[in-house]
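Two complexes, one shared chain (subunit A), two partners (subunit B, subunit C).
Right after this comes the complex of A and B.
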C-alpha cells in the first residue's frame, strides 16, 4: 500500500461500522465529561480490597467521577462508603489516602471522622455526632440528625473487592451486572480470604479506554518480546475472548509452561484454590477493570479517568491471607516478575498506550482506529474490543466511529436496512 | 468480681488523673481531687476522648478539655452543658491502697443502633 494523501488518510476504512473507532472518543473533553456523567456516576466501581481496611476504624479515600469517596470499616466490621465531603461547607473531610480513625484527630475524637475545618464529627455509619456550638448557632432550626454524611451503595464481593456506586438505584444489581463474568474465577477467589500484597499506581497521558483496549487483546504480544519468544504455542493461540453481558470479556484459560520462560519456575504449588495448576484466567470488565489470575497471583487494575488524555491506573497484587512468609515472598516474586513496575510486561504495556496518547492528544485531527481483526474469537481477534464499544455506545448514546451520531440513530438505521433487505 | 486493688493512693498526685490497667484487663482512670478519689472509665462519656489526656482536675471538678463537659467529683453533679453522667466504680482506701468494687467493665453506649439494609436505606 502506497502512502496516502490527506483525503485517503481520512477516508472511511473498508471495514464494518463496529470494526473501527473515531479517535475523538479518546481525546474530546466534552465526551470525557459525558463519560463521567453517563458511565462512571452510574456504574459499580471496585474501589479497593477489603484487606486494605482490615481492622475496625480503618479507612481509605479515593474518587469516582471526580467525587471524593471515603470507605471505612465500622466496629461491626461492615465496610461502608460515603462521599468524603463535609455537609457543613463542603470541605474535603479526610485528606489522608488511608489510615485509622482509632486515634482522634487534633480537633476530633477517637473513632470519629472529623472535618478539621469547624470540627464537625461523624461515626462509622455516617451519623453526624458532633456539631461545634450546635445550639448556640442553629438554636432548634437544624440538628445533627439532619446533617449526616452522604452514604453510598457499597458491597464487598467477588474475592473481597469493595464495590461502590454513586447511583442509589443502579439499573442492575452488582450480582447481575458482574456475576456471570466472574463465574470462571468465583470459586478460586471466594474459597478463602485474599490479601493485597502489592500496590502501585501509574498516571499516564492517555485515554482510559486505550488502556482497557490493551487489556482486551493479546495481539500486542508482538510488543512483549519475551512473551513472544517463550510463550507462543498452539494452546496459547487457541484461547478465546468470550463476551459477557454488560460489556465484559473473559479470556479463557490454558496451561502456562513457565519452564519455557527463562529464569521462571512452575507455579503449580501455589495455585489459587480450585484452580488447576498453572492456569490463567483474565476478566476485563466494562468500563475499565481487569482481574487477572496467573495461577499463584491475582492482579487487579482499575482505571480512574482524569481527563480525556490522562488516566490513573491502580495496580494491586493479591495472594491468600493465610500465606506463610515464604509462600508470600514467592507469590510476590511471581507477581512482580510479570506485572511489577519492572516486570516483563507492564512497562511495555504502558509505553504502548502512552504512544497512542501522544498521537491522540486533544486538538489532533480525528483518526480511524482499527478494531477489525476477526480470528474466530481467539486472542488475536479484536472481538473483545468490539464488544466493549458496543456497550460504551449504548451507555453514552454515541456512535464510537462517528461521535456526531447517536447510538439510537444507528440502531434505527440498521433496523431500517434490515427491514428493506 | 469484687473489691479490687487499683494502686497505692500515693501513686496519683492530688488534682491529677492516671490511667491504670487492673485485673481482668480492664482500663480505669484514677482521679485524685484532693479530698478523695474517683475511679471511672478512662474515656469521656461525650465522645470517647481518652481522659488521661483531655481530663483536668481543679476545685473538685473534672473537666474534659475537648468540649468542656465537666462533673463535680464530690457530688457527681453535671456542670454547664454536660449531658451525660460520669459512671463510677465504688471506691475505698485501705492502708494506703486504693480499692474499687469492680463487677465487670463500666462502658458508655456510643453506637447508634440504626442500621437499615441497603435497599431500605437507599429507596427510602
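Right after this comes the complex of A and C.
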C-alpha cells in the first residue's frame, strides 16, 4: 500500500479486535492514574531481593503507586513491609535507600525505626515503642499502642524475591498469582540462595507498558545484532510463548550459541541448578515485572510508572550466593556484556522504547499499535502482548483498542485467522 | 618529578588528556594506541541499594578492541559524549617506570539521536560523574595505560551507552 492519507492512517486495521490497540492507553494521564488505583495498588509487586537485606535489622526502601514503602528484616529473620510514612505528621520515616537499624540515629536508638522529625520510634514488627513526651502531650487520649505503622502483606518467594502488595485482601494469594508462571524456573531458582550482584536504574520518557511489551515480544531481535547471530536458528524459531492466568507469559527456552558473537563464550559451566547448558527462559509478570534467566545469570526488571510518559525501570542481576569470586566475575561478565548499562542489548532496547515514547507523548494523535503476528504461538508470534492486554482491559475495564469503551471480551485472533482461511 | 631528565608525571598527564580527546572524538583506535597489550579496562560503581561494589563492564585490550570493531553492527545512541577531565594526583614509582594517577571527570551528553531529536538535539545534559583511576607504564618518555578503572557515582544510567567512557 502506498503512503496513506489521514483517514486511512487512522482507520481500523484489518485485524481482529485483540490484534491492535489504541496508543492513548500509553499517553493518557487519566488512564495512568487509574492504573495506579486499579492495578498497582492491588497486585503483588517484587520490590527487591532478600539478599539486599541479608542480616537482622537491615532494611530497604522503595515505593509502589506513589506510596513509600520500607522492608526490613527482624531479629527473628522475618522480612516485613510497612508504609514508610510516620503516623504522627506524615514524615518519610527512613530516607536512605538501604541500611541497618543496628546503628542508632541522631534522633533515635539502635534497633529502632526512628522518625527523625519528632523522634517517634518503632520496632521491626511496626509497633510504636516510643512517643516523645507521650503523657504530657496526649494525656490518656492517645497512646503509642494506637499509632503503629501501617503493615503490608509481604512474602519472600520465587528465588528469594520480596513481594509486597498494598491490598490487605488481595484477590489471590501470591502462590496463585505467580506460581504457575514460575514453574519452569522454580527448581533452578529455589535450589539454593541467590544473591544480587547488579543494580542500576533507568528513567525513560515512555509508558511502562511499552517496556513490558519489549520484554514480551522477541520479534525485535532484528534490532539486536547479538541475538541474531547467537540465536536465529530452527530451535530459536520453535520457542513458544506460553500464556498463563493473570496476564503472565513465559517465553520457552532454546540453546543459545554465545560463541557466534565474537569475544563471547559458552555459559554452560555456570548454569543455574537444574538448568541445561545455555538455556534461556523468560517470565513476564503482569503488570510489568520480568525474570530472565540466560544460563548463568538471572536478570529482573521492575517498573515503577511515574507518569503516562515516564517510567523508572530498576535492573538487577543475580547469581548463586555460594559463587566463588572467580565464578561471580564470570557471571557478572555474562550478565553485563548483554544486559548491563554498557552492554550490547539493553541500550538498544531502551532506545527502542524511548523512540516509542517520543511518538506517543500526551497530546499526540492516537495511533494504531499492531499486535497481530500469528505464528502458532512461537517466538515471533505477538500472543504475549495480546494476552497481557486482555488482562489489562479486565483490570481497567477499558477496551485497549478503544479506551472510550468499557471492557468486553475481545474477539480472539485465532478465530479471526480461522475465519479468513 | 624528573627521572633521568624525563618528566614522568608530565608524560602521565599528557597520556590521560590525550585519551580524553580521543574518547571525545570517538577515535577508539587512537585511544587503544595509548593502551599497553596488558591493558585492562573496567567501569565500576558502588551501589548502596544492594550494598555491592559492581562492575558494569570490563575487558582486556583485545576484548575492548572487539567491542569497538562490532560497534557498527549495533543500534546506538550517537549523541556525542564530552568529558571534562582533571588529573588530581600522579604518584610515580621510585624507579620512574610506572605511575598511578587519579583524575576526576564529568561527561556531558550532547543530544543527537537518542530521544526526541527535534526538541532535544543540540542540548547538553550531564551524563556521568566519576573518577579515572589509572595505572600507567612509562618508557622512552611516553606513558601507556596498563589499567583503567572508571569509577562512576551514577547508578541512574537511563539508556546507558555502547561506548568506552
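Quick note on the criterion: the second predicted complex is superposed on the first by the 405 of 421 C-alpha atoms of A that agree within 3 Å, B and C clash if a C-alpha of one lies under 4 Å from a C-alpha of the other, contacts with A are read in each partner's own complex, and residues count from 1 in each chain.
Just so we're on the same page, a residue touches a chain if its C-beta (ideal position, glycine included) is under 8 Å from a C-beta of that chain, and two chains touch if they have at least 3 such contacts.
Given the structure is predicted, the values throughout are model-derived calculations rather than measurements.
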item	value
First, second, both or neither for A:50, with subunit B first and subunit C second	neither
Contacts of A:94 with subunit B and subunit C, given as first, second, both or neither	neither
Touched partner set for A:196, first subunit B, second subunit C, both or neither	second
A:344 touches, of subunit B and subunit C: first, second, both or neither?	second
Which of subunit B and subunit C A:358 touches, first, second, both or neither	second
Residues of subunit A touched, compared between subunit B and subunit C (which is higher)	C
First (subunit B), second (subunit C), both or neither touched by A:127	first
Residue ranges of subunit A touching subunit B (in the complex, touch as defined)	75-76, 104, 109-112, 121, 123, 125, 127, 129-130, 132, 151, 153, 155, 168-169
Contact footprint of subunit C on subunit A as seen in their complex	49, 51-52, 60, 96-99, 196-205, 223, 225-226, 261-263, 316, 329, 332-333, 336-337, 340-344, 346-348, 350-351, 354, 358
Subunit B to subunit A touching residues, read off their complex	43-44, 46-50, 66-67, 110-112, 114-115, 118, 121-123
Subunit A partner contacts - residues on subunit C that touch it in the complex	43, 45, 47-52, 54-58, 62-63, 66-67, 69-70, 73-77, 114-116, 155-163, 165
